[in-house]
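To keep things simple, chains are lettered A, B and C as they appear, and every chain counts its residues starting from 1.
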Amino acid sequence: MEAFLSSLVSVAFHGTAFGMILYVISVGLSVTMGLMGFANLAHGVFAMAGGYVMTTAMNRYGVPFPLALALAFLGVAAASVVLERLLYARLYNAGELEQVLFTIGLIFMSVAVARMIYGTLQQPVYLPEYLKGQFPLLGRDFPTYRVFLIVFSSLMIAALWFGVERTRWGAMVRAAVDNRPMAQSVGINTTQLFTLTFALGSGLAGLGGALGAEIISVQPTYPFEQLVYFLIVVSIGGLGSLRGPFIAALLIGLTDTACKYWLPQFGAFFIYIATIALLLWRPMGLFGRRA
Amino acid sequence: MSIALETRGLCKSFGALTVAEKIDFRLDAGARHALIGPNGAGKTTFVNMLTGRLAPSSGQILMAGDDITALGQAARVKLGLGRTFQINSLFRNLSVLDNVALSVAERRGVGGRMWRPAGAYREIREESLSLLETLGIAGDAGVRVLDLPYGKQRLVEIAIALGLNPAVLLLDEPAAGVPSMESARILQVLDKLPEEIAILIIEHDMDLVFRFARRITVLVQGEVLCEGTPVEIAADKRVHQVYLGEGRHG
Amino acid sequence: MTHSGGYNADARIRWQEWLPWLAALAAFFLLPEYLSLGARILIYILFALSLDLVLGYAGVITLGHSAFFGFGAYVAGILSAKLGISDPMLQLVAAALGAGLLGLGTGAIILRTSGLTLLMLTLAITSVCLEIANKATPVTGGADGLSGIVIAPILGSFKFDMFGKTAYLWCLVVLFGAWWLIRRLIYSPFGATLAGLRENGIRMHAIGAPVYRRLLIAYGLSAMFAGIAGALLTQTNQFVGLNVLGFEPAGELLVMLILGGVGRIYGAFIGPVVYLIAQDQLAKQFPEYWYLGIGAMLVVVVLFARGGLLGIADGLIARLRSKP
């Protein structure tokens, strides 16, 4: 019994860490889809880019960890602004097929570039000394880095939720997600709003990719392999919703960790089946408003 | 006179918002009936309930005496209920002929056939062409709908509904968006429609309404305000009040 | 008119439509060193046709067609390697039936949804198939793939030789049969319905069409043809690996279809020909630049040339015709 409880706690802990990373990466996707109605399948590219920025900065240039994280966030956000203005913006009114094709094209391009620059192996992650090792918590030892992940992500998430609830920007986003034409007619500059929100969402994805580099390894096939997970989080959580994907991400994180630990021969099978079942029961997701 | 379409106590609410309140409505066979009311009165919602696109919260819908409240759209179409849309809902990249042929084929039960080429079903092509003929657009049969002027597109909209050989036809603002020069053509077309079809039109264009309709129902905020002949409605003070400040449309 | 079918169309096969087949036969005699590439092209044309049926004609956006392709491939492989059934025609029939049933089953579940939810579900279903193939090692060979596949001579006499001659002709014959069937389907009233569904699903409901049933049939048929293509691949390579179920082939297929032109039968022919020949010539030397190029091409086509190569050709022809 002792051993079982112990592994239960371990699964819960690691599952939560994984779930939080999934959320930090996917929340941008949820808001983008709810706000701009744009199916950005290439979202994983931003997460991967964040991972590469951080590992390159640390491994090749000796940049300290906190700065590398900040670079991941800002660098990816800045790059996403360029992409959004030049390319994405042209397709906001295009059909769904065009959007899907475009984002697949982006995935192909970024996978190729990543392979050309970094090769096919995953990037090694060298954590700073103060985040290595074990951290005692409630009489047990947990990996320090994972504790840091959970704490840091919680802070970021809290900041995000506060921002959306309390700031003018957040109010505009909520209004525009609810009813875009109405929002435009009350004078909200949707173009700027889209760019700003897209940058924030992509930056967060980059940050999540960097933070989670230990859990989701940074390699060129990242956008293909992880796409399903991000889409699952967003579909189950509900597009345009902020809280929904959080619950969904935690559920996915916990379920995935539990399955891989206790039923490794089934892999991610249950997650996919559960997703299918859930989406059939609630096509809008658990908390979604628009599809 | 037999009743083609009837509603009894039809209600619809979305949570606290009531959009239809105990609507009792009768459409006789061969009727020329108009449904008018200010914007937001719930006219299109009413039509959506009649066609089965929207389920009522309570009440009954009957067609030729049979209760159709629980039936879906396709079933109601098979019973002879056709409609047009307020904003053109056409198969834009297909030709005018194909647009009409699709509904004719459905009616004839041929739409699911997979072996013989569609072009070999001459009866369908001929029926579609003669339908287009009565609407005066047979010459445009091969033209892509996308390339037609809006007024003609509106006629295609009506043609698709007629292809179903409906016993009851619901026309949602047939003249909407059509420049006034072309709306005379719409009126001509409406006049020439077969006598046996019961027609309900929703319109804002009062000219059209008063020249076409033999009976008028006025809907305000989801409730029937009054019903009667055009003369009666024109004289009714309450109707004047409701429309005060609203000039002619169309 | 850019698409075929409808009630005004002449369904007889025009002489230009025989050209691709003549070209394919010519290739058999004139380019014997390229027959394995040729077989691959023929297989992908069939795969592209199957996807076009559902994507270009019925307008269902799916990323999950490799599930049916892979399923057909594995059925053929498992029949041979595990059950000792090596007759190629039996394998094809089994793959067709199996993939078709899978299509009907999954379609019944997902076709009530649309848009992103539908797309998501197609991805999830493909992932499920991939996981099963990966883990069910005793049956599927797992990550190493299924080898030891034997293909008996066709009709007892035509042996699969090592120059790929039999394989090529076999694929050509099967493709021809499938093309003929699909073409009939597109020109039929059912095909007209599919076009209607793509153009305006709401109106199809309003004219009393049994939308869900029609979509389901189209989806099932499309899955069946994809399964046949997968089986052909197994028979040609005498091997099945996990890569038949991945996202990369699904993505590549989409590129081929877009390249040729969606919603047009011959788009499904041109796309794979151009893509696979280009890939054969260019990708070997510069594999990374190849993927970069493909991605860039997708982006460019979407932004500037939505009708694909056939669309560009149409535009050119229209411009030439309008000159006095």
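What we mean here is this: contacts are C-beta pairs under 8 Å (C-beta built on N, C-alpha and C of every residue); 3 or more make two chains touch, one makes a residue touch a chain.
Since the model is a prediction, treat every value here as computed from it, not as a measurement.
Chain contacts here run in a simple line, from one end chain through to the other with no loop closing.
Taking the mean of each chain's C-alpha atoms, the chain closest to the overall C-alpha centroid is C. A separation of 42 Å divides the Cα centre of subunit B from that of subunit C.
Centre-to-centre separation between subunit A and subunit C, using Cα means, comes to 33 Å. If you average the CA atoms of subunit A and of subunit B, the two centres end up 48 Å from each other.
Interface residues of subunit B, counted against subunit C in their complex, comprise 51, 53, 73-75, 77-78, 83, 85, 89-95, 97-98, 101-103, 105-107, 110-121, 124-125, 128, 141-142, 144, 160, 163-164. Residues 33, 39, 87, 90-91, 94, 96-98, 100-102, 104-113, 115-116, 224, 227-228, 231-232, 235, 239, 265-269, 272-273, 275-276, 279-280, 283-284, 291 of subunit A are the ones touching subunit C in the complex. Of all residues in subunit C, those touching subunit B in their complex are 1-3, 5-11, 184-185, 187-193, 195-196, 199-200, 202-210, 213-214, 217. Residues of subunit C that touch subunit A in their complex: 55, 61, 63, 109-110, 112-117, 119-121, 123-125, 127-128, 131-132, 134-135, 247-248, 251, 254-255, 258, 262, 288-292, 294-299, 301-303, 306.
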